[in-house]
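My structure is below; once you've seen it, I'll send some questions.
Chain naming follows the written order as A, B, C and D, and within any one chain the residues start at number 1.
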Amino acid sequence: MGVDLSTAVGAIRLNNPVMLASGCCGYGTDMEPHLDLNRLGGVCLKGLSMAGSDGNKPPRIWETGGGMINAIGLQNVGVSRFLAEKAPKLRTYDTAFVANFYGHTVDQYVQAAAALGEEPALAALEMNISCPNIQEGGIQFGTDPASVYKVTKACRDATKKPLWVKLSPNASDVTATAKAAQDAGADALTCINTMPAMAIDVERREFRISNKIGGLSGPALKPIAVRIVYQVSRAVSIPVVGIGGIFTAADALEFLLAGAKAVQVGTALFVDPQCPYTILDGIEDYCRRHGFPSVEALVGQIKDGAPMPKCHE
Amino acid sequence: MGVKPYVVVSNKRRGPYATLTVRGGVDRSEPGQFYMLRGDWGADPMLPRPLSILGEDTGAGTLRFLLKVVGEGTRRLYDLEPGQKVTGLGPLGKPFPRRARGEGKPAALVGGGVGVPPLVYLAEAFVREGTSFTFFQGARSEADLVCMEELGALGVEPVITTEDGSVGEKGLVTAPLQRALDAGAPAAYACGPEGMLKAVAKMCWGRVPSHLSLEARMGCGYGVCLGCVVPVLRDGARAYERVCQEGPVFDGEVVLWE
Amino acid sequence: MGVDLSTAVGAIRLNNPVMLASGCCGYGTDMEPHLDLNRLGGVCLKGLSMAGSDGNKPPRIWETGGGMINAIGLQNVGVSRFLAEKAPKLRTYDTAFVANFYGHTVDQYVQAAAALGEEPALAALEMNISCPNIQEGGIQFGTDPASVYKVTKACRDATKKPLWVKLSPNASDVTATAKAAQDAGADALTCINTMPAMAIDVERREFRISNKIGGLSGPALKPIAVRIVYQVSRAVSIPVVGIGGIFTAADALEFLLAGAKAVQVGTALFVDPQCPYTILDGIEDYCRRHGFPSVEALVGQIKDGAPMPKCHE
Amino acid sequence: MGVKPYVVVSNKRRGPYATLTVRGGVDRSEPGQFYMLRGDWGADPMLPRPLSILGEDTGAGTLRFLLKVVGEGTRRLYDLEPGQKVTGLGPLGKPFPRRARGEGKPAALVGGGVGVPPLVYLAEAFVREGTSFTFFQGARSEADLVCMEELGALGVEPVITTEDGSVGEKGLVTAPLQRALDAGAPAAYACGPEGMLKAVAKMCWGRVPSHLSLEARMGCGYGVCLGCVVPVLRDGARAYERVCQEGPVFDGEVVLWE
């Protein structure tokens, strides 16, 4: 029996549920020597800003138990250079490219959304709201529902492209930021971004990365991400894209069963650039073994039973 | 290209160093390139580790590396036994440029510690291509000299300096290098501790090209994570470039030491 | 040179900085066959409530990449049985016992604090605020500064014992809940409790633990915990006790250098009940090698340099 | 007691099963007790895994286990080679009570799959103590029969049932057990799949004591995490008890099957 691997994320239909995560595949074509992008459901490009960014001083990464910390500092060539030099190369592919973008003010977000929204090579835009709002004393947009609503609404009005909001796990109640993004007109929610983390070189008494704090990714993050995908997909009606520590098909299936319509693979690409193939094959095999005619048929199919208790200890 | 499976043929240990030989699919590489290597220990450590190619035999399908234990990843590689599996992604990175000007005079190859292997591989190419060179190896002490067998097999007599004078000239490798430059060495190829690379760049500055193989902590090794950058001077402006992509070999005159 | 291992956490001075974490050492004496409690700086006992609790249905635990999820459901014998049957046994030891307690209403917290506050065997009380407030629709006390202040103040007024508040990592801004606890009169802050997490058995399409959501602990949590200890210890003036994924002396030193005055060991006890010995020896050896005359001399001694940047990606 | 270091003496694999023998400090144990076992693979998997004692030799300082691969932890134990290190915490838990009433008639030992090892250890004690018993082993098929060598060495002729009839009586182990109970077996000792234990408890209910060794996922193995509890009837009320502490052996009449 043939399995229908395609899955709809709002208005766009992906060829399959396996995407590459932003910041882990450069500008897409950087993966070329290692991966055939046309075999993927989609590719989220490195986070872009209007002005571009040199990024943080090295060292920028450190491996931790079950994961890694990165503080790249969102190094990117800037929206206009991206549109001039990178985007044209993407037009010939048969996969969904999603431009990840950010700003430090609502205006910067809006300008980036408007400019990127004109690029035909892009299937959707993904807002990275895990960034400090320099007009609000540097607290991250993503941690407060009100500012999530504000910045999402502003971008929504600035572009017709499908708009995905990438949530931060670092919020007291992620379902609140999720609802704020939905109310502001987001087409989908990506769950989740990295968790703020720190590592110290005790012998040198120095931070492992120059930025002191970086984002935790990898298997260590997975159980947190699955929990958030489960909570958010039940709190909103727009599609959720799952991400965090996905290395294997079983990992991806946890997210799909929890309620994600697609998944993104990030850190795992550093260990094996071709793991998306194995993940996709494993998902197809699972559908066959469990009698699911399509990937969409298994989304959210965890046996749920009783309503979820509150105390988690 | 994707990661390829390899089997450990041998892993000769000497103190904290080990010469690791693995067999598997070997795509022709150039001196200065590296592999991202990982054993099939479960999830921890997670990331592969970058190792310079010491040598390869495309016929036999073998790759050789020289590694030193500095942390968990290298310890795991050090502990590998013949028959165990490893995976490798490579060859990666830009090799040493090999058009040494002034063929007459010998070029200077300058290595220290785990910076020696890529230069041994380069020496092999120079021998094959008939490019004359002098090999300089600096070490803290006799115990820290590496790849002496490999150099012997190439018929290369390295100029050795040790900080404690236990063997060769007492002091830093920069002293004999200075003499070589004064004698007209057309270029320097160096890999080793940052202090050494800095000194080599300084000595060659404005005189002869220096080709430095740099190190940086790596996430992916193939250009997508931006974790391995170093600051360089490009078109008159400061910019971050990827050691795994634009490097590991950089022109000594563009590297910014911060 | 002899190293002074003692460290003061507010009014009480611990013999050394290594404590056992609540929920990972039963009621203290449960560790007896494996560990000499008198060699420890302190012991935090299993979380107590007025009514006691049967806990959650099994399965209650699942191992994840670099950590584990638990949803014990705070099973405990209740405050009065604890005072009658367990506490008397603790009076003869030369270590600091800390009673961890919780409630589902402010009253329940207050009653527990008042009752436990009378027990001479206890050196301090540790409030677990990672619990749903059933009067506020079940959102956790620990995620909202206002309710943290309210419940801490109420307990503060109910007992003279040193009062530690154990913060939840699941807050948009932990420094805000930390300050709220300090303002309400807390003597110290324990950072941190587990992170809400989930794991799914994809073949059975069932949750790995019956409670669906549990708390993530172990090495996976460490970089998040170190970051929070660093942030909180710079945001408040009361002492911070560090906890999260401490398995080795190097792990413990990360917390001490980040600003913790003492550390707690939890999950690591499941792998080696005697690891607190190795951790303590390693800390003493480190002080010697680095010329610190005392543990207190190295607290917060990370080379800090520039003020911390905000963007962590 | 703390974890003790052991060295793998042998690890005999048969299909998904392995008989693991380790040498190290061995504190005298009783049948029904278990160890928390872990290899020195890095951090993953993190937690030790509970394994029942199959047998021990305090003189030689060896411990034997029979394990089946069901996940990552048991796979790692299955892959252990002689000479590799493991750490163990134990012996842990409450053993089988051994005062079988009515010495005359043979007691019934009922095991299936990885539930067989503790009963082999119990059989060894009964043989030594002259307590008569019959050993019942149920399996899906011949390939799932375990510890046959050990039973042979004890001179024990097990009554075998297989679901596919490939060897012994076709069907479930409960059929011959029923006949044994009818013939006056004074007690049943069982370990295996939950379905089997449930059935044994039901058959013995109100007639003879049944001693069941239960399984549960474990965190610590020594009573402090409360991760391994099972619901039981205690003093007329439902309560959770720890498999690692109040168990693993429970009276079949108190276990609540939910």
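Here is the rule we go by: a residue touches a chain if its C-beta (ideal position, glycine included) is under 8 Å from a C-beta of that chain, and two chains touch if they have at least 3 such contacts.
What you see is a predicted model; the values in this text were computed from it and never measured.
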> Among the remaining chains, which ones contact both chain A and chain D?
Replying inline: B, C
>> Counting only Cα atoms for the centres, state how far chain B is from chain C in Å.
In response: 47
> Between chain C and chain D, what is the gap in Å from one C-alpha centre to the other?
Replying inline: 36
>> Suppose each chain is reduced to the average of its Cα coordinates; what separation in Å results between chain A and chain C?
In response: 32
>> Among all residues of chain A, which ones touch two or more of the remaining chains?
In response: 23, 65-67, 70, 72, 218-219
>> Can you pull out the residues of chain B that are in contact with at least two other chains?
In response: 43-45
>> Graph shape for the chains shown, where an edge means the two chains touch. Line, ring, star, complete, or other?
In response: complete
> Which positions of chain B touch chain D when the two form their complex?
Replying inline: 41-45, 72, 76
>> Show me the residue ranges of chain A that touch chain D in the complex, using the header's touch definition.
In response: 65-66
>> Quick check on the complex: what are the chain D residues that touch chain C?
In response: 1-3, 38, 43-48, 73, 87, 89, 216-231, 238-240, 258
> Can you list the chain C residues touching chain A in their complex?
Replying inline: 23, 47, 56, 64-67, 69-74, 128, 130-132, 138-140, 143-144, 170-173, 193-200, 202, 204-207, 211-216, 218-224, 226-227, 230, 245, 250, 253-254, 257-258, 286, 290, 301-303, 308-313
>> Using the touch definition from the top, list the residues of chain C that touch chain D in their complex.
In response: 23-26, 30-31, 33-35, 46, 54-55, 57-63, 65-68, 70, 72, 75, 218-219, 247, 267, 269-274
